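Below you will find the structure I want to go over with you.
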Amino acid sequence: MKCLISVLLFFAATTCFANTIIVGKGKAISSLKLAIKTSKNGDTILLNAGTYKEGTIIIDKSIHLIGVNTPILDGENKNEILTVTGKNIFISGIHFANAGYSSMNDYAGLKIIDATNIKVEKNIFSNTSFAIHISNSTHCTISNNSIKGTSKSEHSSGNGIHLWKCSQMLIENNTIQGHRDGIYFEFVSHSTIRKNWSEKNIRYGLHFMFSSDNSYLSNTFRNNGAGVAVMYSKKVIMLRNHFDQNWGASAYGILLKDITDSRIQYNTFFKNTIAIHMEGSSRIQVEKNIFKENGWGIKVQSSCDDNNFRFNNFYGNSFDLATNGTMMLNYFSNNYWDKYEGYDINKDGTGDIPFHPVSMYSMIVEQNPHALLLMRSFTISLLDKAEKAIPGLTPENLVDNYPKMKPNKL
Amino acid sequence: MLKLSRYVLYDILRSKIVIAYTIFLFAVSLSMFQMEENSSKAMLSLLNIVLIVLPLVSLVFTTIHYYNSYEFIELMSSQPMSRTRILLSEYAGVAISLLSAFLIGVGIPVLLLAPNDIGFALLFSGVCLTLVFTSIAFFAAVIARDKARGIGFALLLWFYFALIYDSLVLLILFSFSDYPLEKITLLLSALNPIDLGRIFIMLKMDVSALMGYTGALYKDFFGSGTGILFTTGIMLLWIIVPLWLAVRKFRKKDL
Amino acid sequence: MIRIENISKRFKKLQVLDNISVGFEKGQVISLIGPNGSGKTTLIKSILGMVKPNSGKIFVGEKIIDTDPAYRKIIGYMPQIGRYPDNMKIGQLFSMLKQIRKTENNQTDEELIKKFELEKIFDKPMRTLSGGTRQKVSAAIAFLFDPAILILDEPTAGLDPLASEILKQKIIAEKKKDKLILITSHILSDLDEITTHVMYMQEGKMQFFKDIGTLQEETGELRLGKAIARIMKGDLINTNWIDKMFEPKNDEKIY
């Protein structure tokens, strides 16, 4: 009841008493700072096109800041541009440019602190060390922003969308590139990240730690320095994402470290050096994903247990599966492996002999990476065939007892 | 030179082995593409053809051809024609026929059904390996005393390049795994034309895996302009050197 | 026209030619005789450059023979056993030779082709031919380019009487053109009418090289076979082969 009243009151306040303040050259107010100062809760500030160099601007009232024809807020490479705190604030249509960089403070294009119910929509961020930096906030929506960093090294750059200690957040439809991490979460819960496009970031396209109960849906992570890293979290849901061309010495489609009780489903992994690298993870359902033309489809360290890999399709990967030990406590069934050479006499679509997805050669490469140079040689294929006939080195219980003859329909 | 090669070619075509080989390659390539759902798996099977069958056929066919043409070579050497010219004409004839077999048998299906990076790399390696092993076979045939020895020697060479060499490399990699092996492995790969051809295709086929820790080194090297020049250069050496040795030996040989 | 200086050739342990020096001039018809394995064919092949001597020099037309095969332009060679590419047709063989061995005014001597009636079987592949027909082909090739030097290795062996006579007449005709003709043969009596000189070899050594007149004078025999037999007896060098050969042959009709 109390909640309802407050919503009604808010509605009333905005509709009945709201003013609109227009800021721009030749207008009564040409300074955004001044406009904010004179505004009241519920007011709307329309910022006309132009470049505004006003140092760090602070919004701590419940106002709407709307850019008309994309005005530019320029931080002149030395300032944080906009700091937002409070509740019910809406920011849209602004071009944030040239935020300062400091190794002491996390300067950002837009910083949101101790806030709730903030909407940030359709803004442009360029050359901002952190683009959007949110901490200790709830119920915010960050959507349709275009974020482009220019930094070259990991140390001198910040993250695209950075969230620390937040909950109930929605990050949607943003494009992020050229930052350290595209999207960074630490201590974030009950949030949804969907339809974002994160590419060419220096480190990770998506990076989160200690962030449980979040969903990642239909995002694309492409060509990031190290792919996506996901650590120390529970109940993570990752559906319909694309992990493409994350190439490099330690680049992963997803790096899973100490992740439990999660779901990774309907994702596509295409041309990653390692599509999924898993360590210390348990009870993850990896289902109905497509692994195509990756270096390694899945690398499961022997510290993982109780994970289920079912109904996935593996095509044209150099190695479908690799592991570092002989113990295997994970389950594989009903996957389609293009390397499977078995037969199906009873025509039920499932191969009659089990498939061992870890090849002898992948064990060799784990031990001696230089052996990679012998890939696809006749000697290696003979070795693999011999190992298939008399298994010795490969983990015997790592087996798909129900390999599919045709790809699973997804 | 080409005048003579024409007769060599004619003789080879009449024997029908090359035609059978062409049809075999064509049938295998087509059925690979038909059987497999995606062309990348077909490519994988073709890779084995290129790396294993091509050198074997080139070696054995060339050696047999050399001994079967011994009369022709004798006849020519009593004519005003230099030994070098005779052997090079033979080489050209054999190489052209084997190359056409490969380009028709594998080239056409690949160009029609998978005209991509991997396909072109495959064709490039196939062409190089055909020329290299024809050249090596001439060397084997010229230094061997009779047909049986020649074919035996050719098979031994195939065994060495296709199988034993890589096993040795693997052995070296494990024996010296504590040492930095990057440069050594690069060198080792250059010493076997099959490996070189394989790596050239692998660069396109397994690009994702090669972007990993050690792979990146090879990728950077072989994928760069220098690397391609290196590959082509070494392949050329593998064609020229055995052929040159064969010619040198042939000029001093009693017929 | 041909000068041989201190030629030696060794096949493994066997000394096939042992320090042979001899000179042949135009207008001479030399019968090169000796038992099997005496080095006749090796000597001929050395002149043709098919066998490379271990030491010594050979001059043909005042030029030392080495890598330049041009000197063979003035040589026509008929091998002991003519072996030709199996799949090649007779007609093709001739046209190929004409192509690779163009004479200055494209003149060829096709008399033997006509007389042996080879044109009728121009379509036949070489592998279908009998030994005699091959010999005819070999003979026709040797005379085809009207060479100044003719080297005929066992020319009449395997030929039927008619063909043998045709060939003999052809040799006589060529002799009249002041050519140098070098013939190896066992059947001495076959050649004595046309021979001007006899070179006798045994175990790689040249036993003698004499003109027919001297031989007859020394031995008092008119017929060459007997003359040689006498010489052999006089020299007491393993003459059994000659005796064996001539005793029955003397009674036979000679074509």
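As written, the chain order gives the labels A, B and C, with residue 1 at the start of each chain.
Convention: contacts are C-beta pairs under 8 Å (C-beta built on N, C-alpha and C of every residue); 3 or more make two chains touch, one makes a residue touch a chain.
This is a predicted model, so every value here is computed, not measured.
Graph distance from chain A to chain C, where chains that touch are one step apart, equals 2. The chain with its Cα centroid farthest from the Cα centroid of chain A is C. Every chain gets a centre from its CA atoms, and the centre nearest the mean of all protein CA atoms is that of B. Compared on C-beta pairs in contact, B-C and A-B come out with A-B as the pair having more. In terms of their C-alpha centroids, the spacing between chain A and chain C amounts to 91 Å.
Taking the mean of the C-alpha atoms as each chain's centre, chain B and chain C sit 44 Å apart.
Chain A and chain B, compared by their mean Cα positions, are separated by 47 Å. Across the interface of their complex, chain C is touched by residues 3-4, 7, 10-11, 14-15, 68-72, 74-83, 251-255 of chain B. Touching chain A in their complex are the following residues of chain B: 37-38, 40-41, 44, 47-48, 51-52, 162-163, 166-167, 169-170, 173-174, 177, 181-182, 185, 188-189, 194-195, 198-199, 201-202, 205-216, 218. Residues 247-251, 271-274, 293-296, 315-319, 338, 364, 367-382, 406-407 of chain A are the ones that touch chain B when the two sit in their complex.
Across the complex, chain C meets chain B through its residues 11, 45, 48-52, 67-73, 75, 77, 79, 83-88, 92, 96-97, 99-101.
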